[in-house]
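Below are two complexes that have subunit A in common, paired first with subunit B and then with subunit C.
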Partner chain A sequence: MTPPEVRDALRSWIRAHNPEVPEDEPADDTPIIDRRYLTSLQVADLLLFVEELRQAPLDPSGLRPGTFRTIDAIHDAFFPS
Partner chain B sequence: MIEAPGLRWKANGQAALSGPLLALAHRLDDRFVALAAGWQAEDHRFPTFLAASVLEQNDWFRSFPQHATFPACLDPAEANLATFTDGQPVDGSGQVHPSALAPIRDVLTPAACYHLYDHHQGLAFDRPRYFTTSNTCFRREERYVPLERQWSFTMREIVCMGTAEEAGAFLADATAEVDRLTTAIDLPLSWALASDPFFRPSKNPQYLMQQIDPTKYELMFEDRLAIASTNLHHDHFGRAFSIQRDGEPVRTACIAFGIERWLAAFIHRYGPTGPFPQL
Partner chain C sequence: MTGDLAETVARLSATSRRAYQNPYEAIAWPEALDRRQWFTLPRFVSLYGTPTWEAMTEDEQKVLSFWEAVNFYSLNIHGEKALMAGLAARLYRPGMEAVARYLHHFLDEENKHSVWFGTFCTRYGGKVYPDRKVAFPQEHAEGEEDFLFFAKVSIFEEIVDRYNLAMARDERLVPVARQINANHHAEEVRHLVFGRRIVEELWRQGVERWPDEVVDGIRAHLAAYVTATWREYYNPDVYRDAGLAEPWAVARDAWAHESTQAHRDEITRFALRPLAAAGMVVP
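Then we have the complex of A and B:
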């Protein structure tokens, strides 16, 4: 997947799990946790989705602060170019 | 093990305070209440018991079952009470031998602020609100240390309920105020990122969330003893207790002070009899 495709896939996942997200959100740099577009109940599912997208497992013990702050941050952390 | 005039340690992980140590505990609490007054925080006093259903509302029991302490009563049926009295109510080791217990519906307060979310359940605010409350809190632990890790201890909290910006500003201001206080009293303290002691953390989504979105900082004495913490809850309690701000779940944040641990820090720093600095 290209970087724009990854970002769009993440955006679609967040929108699908949050019907209240406004039409033009989240942008690549929207703070998705601060806006509550991503809650604790959804984190594990998003991790699984990221694993599907990158076709490789993630080690939950290696999660670092900030890696899920924005779509850009998720992309940069888990989809190295 | 800490020893100081006015401290009597109990084998059940609790401390009795009197004399100069109790006076210092009062002065510390007064200082934190004065801090709360900076936000015109409304003071509340709540009972020690908390309905278990309140903690269930925010999934506390699945996150921290190891800390729970329940008030238990005997089933009041006369025959059941007679079974209790006819047996050996308490044996030589101090263990109670209850007959049938009545249903347990309460829990001993594990953190002072839970009462505030319950108290304001279903309300809608149109401005930031600040509250303070103190309670005797109970956390069952594997081992206890006088003043540092107790089954029951005193917690003073200041809580903000507002928008995300207001909750964030509150924590920034509270941190700055505490830094001013601790600089003045010359304690070796530093703030450190922390996470709550979740049961089976790898299976708890809230633990996972704390790893990627740090929301808890602890004020560490000599890098080993947390004497205060700041906590950003986002909309966790706003949703769980249907508290709203301008039509949205309210955002909450709190700063908590463990009074006995402050006493421990003072004793380690200034000795068991002081003199202790002015607060």
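Then we have the complex of A and C:
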């Protein structure tokens, strides 16, 4: 997948799990934790989605809230170019 | 603290002292285990009732039941790590003095449980499955954090206990798995009683002063916690170790299947009964 496709897939996941997210959000730099578009209880589920996109398991040890602060941050953490 | 909670603390503390055991002598650990045996009862295996399950041979199902046990015990280890950290943080904290004597037993017993779970996972599986949870910092109303901590402990343990209770009694399971489930159940019964009492007490204290948006937030958070807890029972790592292809798709399909949904609903209804009766969650 290309970087824009990955970002769109992440955006779609967040929208699917949070029906109250406004139609034009989240942008790549929207603070999704601050806006409560992503909660801590959803992270494990999101990580499984990320693993499936990568088709490889990831090491969740050492993950910090900052890893999930924006779609850009998630992309950069798990899909390095 | 109400007299009811004080009496519960005294009674459970006395029972814990009487039932005190050495965790290194409580389980008979075989040198090695053939994985082609039942380690998890079929109806408690996450794929039970799905087309994937039906397509497996009995030996393959048994091997899957082994890795499901490793996952179940891993979930307990991670739950107990968070629980022990939370209990230790509350020991002798203002407002918690009255329950401190029982928190010592609670901590001690949870540590012993982790010894059993960790021994099984590392000795026979060579690993503890990693925890995918990440906590975000959050502001809480006064008393809300303590309430949520004990309410989530209660939900987690009520679900686990349904598994323990069934698997402690069924002779199809290998003895070591039966023993772990039986010993865990025997001590968790006390933790469940304590959990119900302290959750009632903290709810009673809080609900009188929390604004409606806090109460609504608590109910939404607990509902999301139930879902997040169950999701961890459908672990792609397990399916990969059991030799299944496309482990993430297997997890997704299993989660969505009507038979697994019915299984979760049945146990969730039971697990939430104490909280639902008090209005803490909407059943």
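As a working rule, the second predicted complex is superposed on the first by the 79 of 81 C-alpha atoms of A that agree within 3 Å, B and C clash if a C-alpha of one lies under 4 Å from a C-alpha of the other, contacts with A are read in each partner's own complex, and residues count from 1 in each chain.
Here, a residue touches a chain if its C-beta (ideal position, glycine included) is under 8 Å from a C-beta of that chain, and two chains touch if they have at least 3 such contacts.
Given the structure is predicted, the values throughout are model-derived calculations rather than measurements.
Participant: Once the two structures are overlaid on subunit A, check if subunit B and subunit C clash or fit side by side.
Facilitator: The answer is clash.
Participant: So, does A:Ala44 touch the first partner subunit B, the second partner subunit C, both, or neither?
Facilitator: Both partners.
Participant: Using the touch definition from the top, say if A:Glu52 reaches subunit B (first), subunit C (second), both or neither.
Facilitator: Once the two structures are laid over each other on A, A:Glu52 reaches subunit C alone.
Participant: Output check: A:Glu20 vs subunit B and subunit C. Expected answer is one of first, second, both, neither. What do you get?
Facilitator: neither
Participant: A:Pro65 in the overlay: touching subunit B, subunit C, both, or neither? Say first, second, both or neither.
Facilitator: both
Participant: Just one of 114-122, 132-140 or 168-176 in subunit C runs into subunit B once the structures are overlaid; which is it?
Facilitator: Looking at 114-122, 132-140 or 168-176, the stretch of subunit C that collides with subunit B is 132-140.
Participant: Show which residues of subunit A both subunit B and subunit C reach, each in its own complex.
Facilitator: The overlap between the subunit B and subunit C interfaces on subunit A comprises residues 33, 39-41, 43-44, 47, 60-61, 63-65, 67-68.
Participant: Can you list the subunit A residues touching subunit C in their complex?
Facilitator: Listed in rising order, the residues of subunit A that touch subunit C are 33, 39-45, 47-48, 51-52, 57, 59-61, 63-65, 67-68.
Participant: Residues of subunit B touching subunit A in their complex?
Facilitator: Within the complex, subunit B contacts subunit A at residues 164, 193, 202, 205-206, 208-209, 211-214, 234-236, 249.
Participant: Tell me, which parts of subunit C touch subunit A in their complex?
Facilitator: 130-138, 221, 224-225, 227-228, 231-232, 236-237, 240, 248-249, 251-252
Participant: Which part of subunit A faces subunit B closely enough to touch in the complex?
Facilitator: Per the stated touch rule, the residues are 33-34, 36, 39-41, 43-44, 47, 60-61, 63-69.
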